[in-house]
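The same chain A turns up in both complexes below, where it pairs with chain B and then with chain C.
Moving on, here comes the complex of A and B:
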């Protein structure tokens, strides 16, 4: 839930509570395709991906980025995200367990707003990063 | 070293705009998007709970804007030929105003940068597009910068 973050109680190095999704699935990718309007067939059409020489469908990068954004908004509160950045690394496959987390790297005040900055990461069950990212969020 | 693909002529395309596209934000679209990213937070789907927040109602999750695509300006890279490969290099977002159910959001995408670098697989081009999401009051809600890689 959107517990409002207290600027003074946050320290550089604090970790964002983990959001773990066990066994992401093809239906998850299809649901994301429908909700986002991203119908790139690499993410749900097995015949298409095999023809492209890829063993199976894989998650939309933005599906995984969405899971990461949930970990972030659970911690900083919805509506407090000022910046969000993602870079895609390894693909996420059906059955993978992904863990979304992050760490506070900086605290600053700008234009009268108290802000927290940090790094974000999504790793698979082997510890390989699927996404590296960062954020800036307002804190009360 | 002179660029092979991103020549002075190619760089003239920077600033090209795609056609704007306007969306009416449906309450159900926000709820379904939140479900699709595994987020059961009632602030995305429970109007009563959402009214108690300082936003006074439901607002969209951070990456919801991605569901409101707008046509991407065509980038011509003649030296790359027709059989290039592509990768999604990632995105950055900046948030200024929340997106709410009932908003009419206009998305428009502009080519803001073209860069070439020598990769392991030969020359690579980094294409950066910026999309602005503006509401019916003319308030800029979100800017998105996305980088695509062609090689």
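Moving on, here comes the complex of A and C:
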């Protein structure tokens, strides 16, 4: 499988090129609902969320995690992801601008494979983390 | 209530055929225009097949039958939050594969929370094998049942 990253040229501290989505929207959440099958009404039904005491619909956590995975695979290549982990923090609301990025924290060789490990994060326009995560990927 | 007795319980195996239309639709939904999801020739040349997005396996959570998802029975779905999600990959997964998933309750525990009162954590793992019997991935979810509905 083609490796996108050269193990020797990746350094601890290297940053994953940012993937910025300006103004995530209700249609984004609806499209993700259809694609994923996640029809929990908290993500598209305004009447439902108001009755639950929440001001407006908000993004599926896995929608935002999907944006983050795109930032990662653009950099390491989809075929090279060995592990991807996310922890959900702040909710993402319609109109938010989210920035997906990460940083290399470790390089190692295991079972004959050259691997890089790192942290992942999605922050909103106020700098609050919506997701924190980590990854492991193969490099050539 | 944290019912420790369900730890280790497994669900009925379920089939997950990996279909190109769903993969493309999912890639669009996560705003990923990478041609490997849309151009079969290119995908075959570069990777050996059309791959699935990193978080795609999560979609199985929304159509599997209740008896394939052990552990959820005792939880109040109105008070559930998705706390964490992890995927590990061991072999490539391509469009055309037919995966078999088996879900298992990996852990159940309680913690005192802040806004929502006492919280119960349910950790489930789904192990996926392909049509050749190779283990391709493990998906690990942590769901949190809050003591009361969580306000914004």
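By definition in this document, the second predicted complex is superposed on the first by the 137 of 140 C-alpha atoms of A that agree within 3 Å, B and C clash if a C-alpha of one lies under 4 Å from a C-alpha of the other, contacts with A are read in each partner's own complex, and residues count from 1 in each chain.
Keep this in mind: a contact is a pair of C-beta atoms (placed from the backbone, for glycine too) under 8 Å apart; a residue touches a chain by one contact, two chains touch by 3 or more.
This is a predicted model, so every value here is computed, not measured.
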Next item on the list: Specify the outcome, clash or fit, for chain B and chain C once both structures are aligned onto chain A.
Entry: clash
Check: Is A:7 contacted by the first partner chain B, the second partner chain C, both or neither?
Finding: neither
Next item on the list: Classify the contacts of A:62 with the two partner chains as first (chain B alone), second (chain C alone), both, or neither.
Entry: both
Notebook entry, point to check: Which partner does A:34 contact after superposing on A: first (chain B), second (chain C), both, neither?
Noted result: both
Check: What is the contact status of A:83 with respect to chain B (first) and chain C (second): first, second, both, or neither?
Finding: both
Item checked: Partner chain in contact with A:52 - chain B first, chain C second, else both or neither -> second
Notebook entry, point to check: Is A:74 contacted by the first partner chain B, the second partner chain C, both or neither?
Noted result: both
Notebook entry, point to check: Once the shared chain is lined up, is A:91 touching chain B (first), chain C (second), both, or neither of them?
Noted result: second
Item checked: On chain A, the residue positions that both chain B and chain C contact, one per complex -> 1-2, 21, 28, 31-32, 34-38, 61-63, 65-67, 69-70, 72-74, 78-79, 81-88
Check: Where on chain A is chain B touching in the complex?
Finding: 1-2, 19, 21, 28, 31-32, 34-38, 61-63, 65-67, 69-70, 72-74, 78-79, 81-88
Notebook entry, point to check: Which bits of chain C are touching chain A when the two form their complex?
Noted result: 22, 25-26, 28-32, 34, 36, 46-48, 51, 53-55, 58-59, 61-63, 81-89, 92, 149, 151-152
Margin query: Quick check on the complex: what are the chain A residues that touch chain C?
Written below: 1-2, 21, 28, 31-32, 34-39, 52-55, 58, 61-63, 65-67, 69-70, 72-74, 78-79, 81-88, 91
Next item on the list: Sort out for me which residues of chain B touch chain A in the complex.
Entry: 29, 32-33, 35-39, 41, 43-44, 53-55, 59, 61-63, 66-67, 69, 88-95, 98
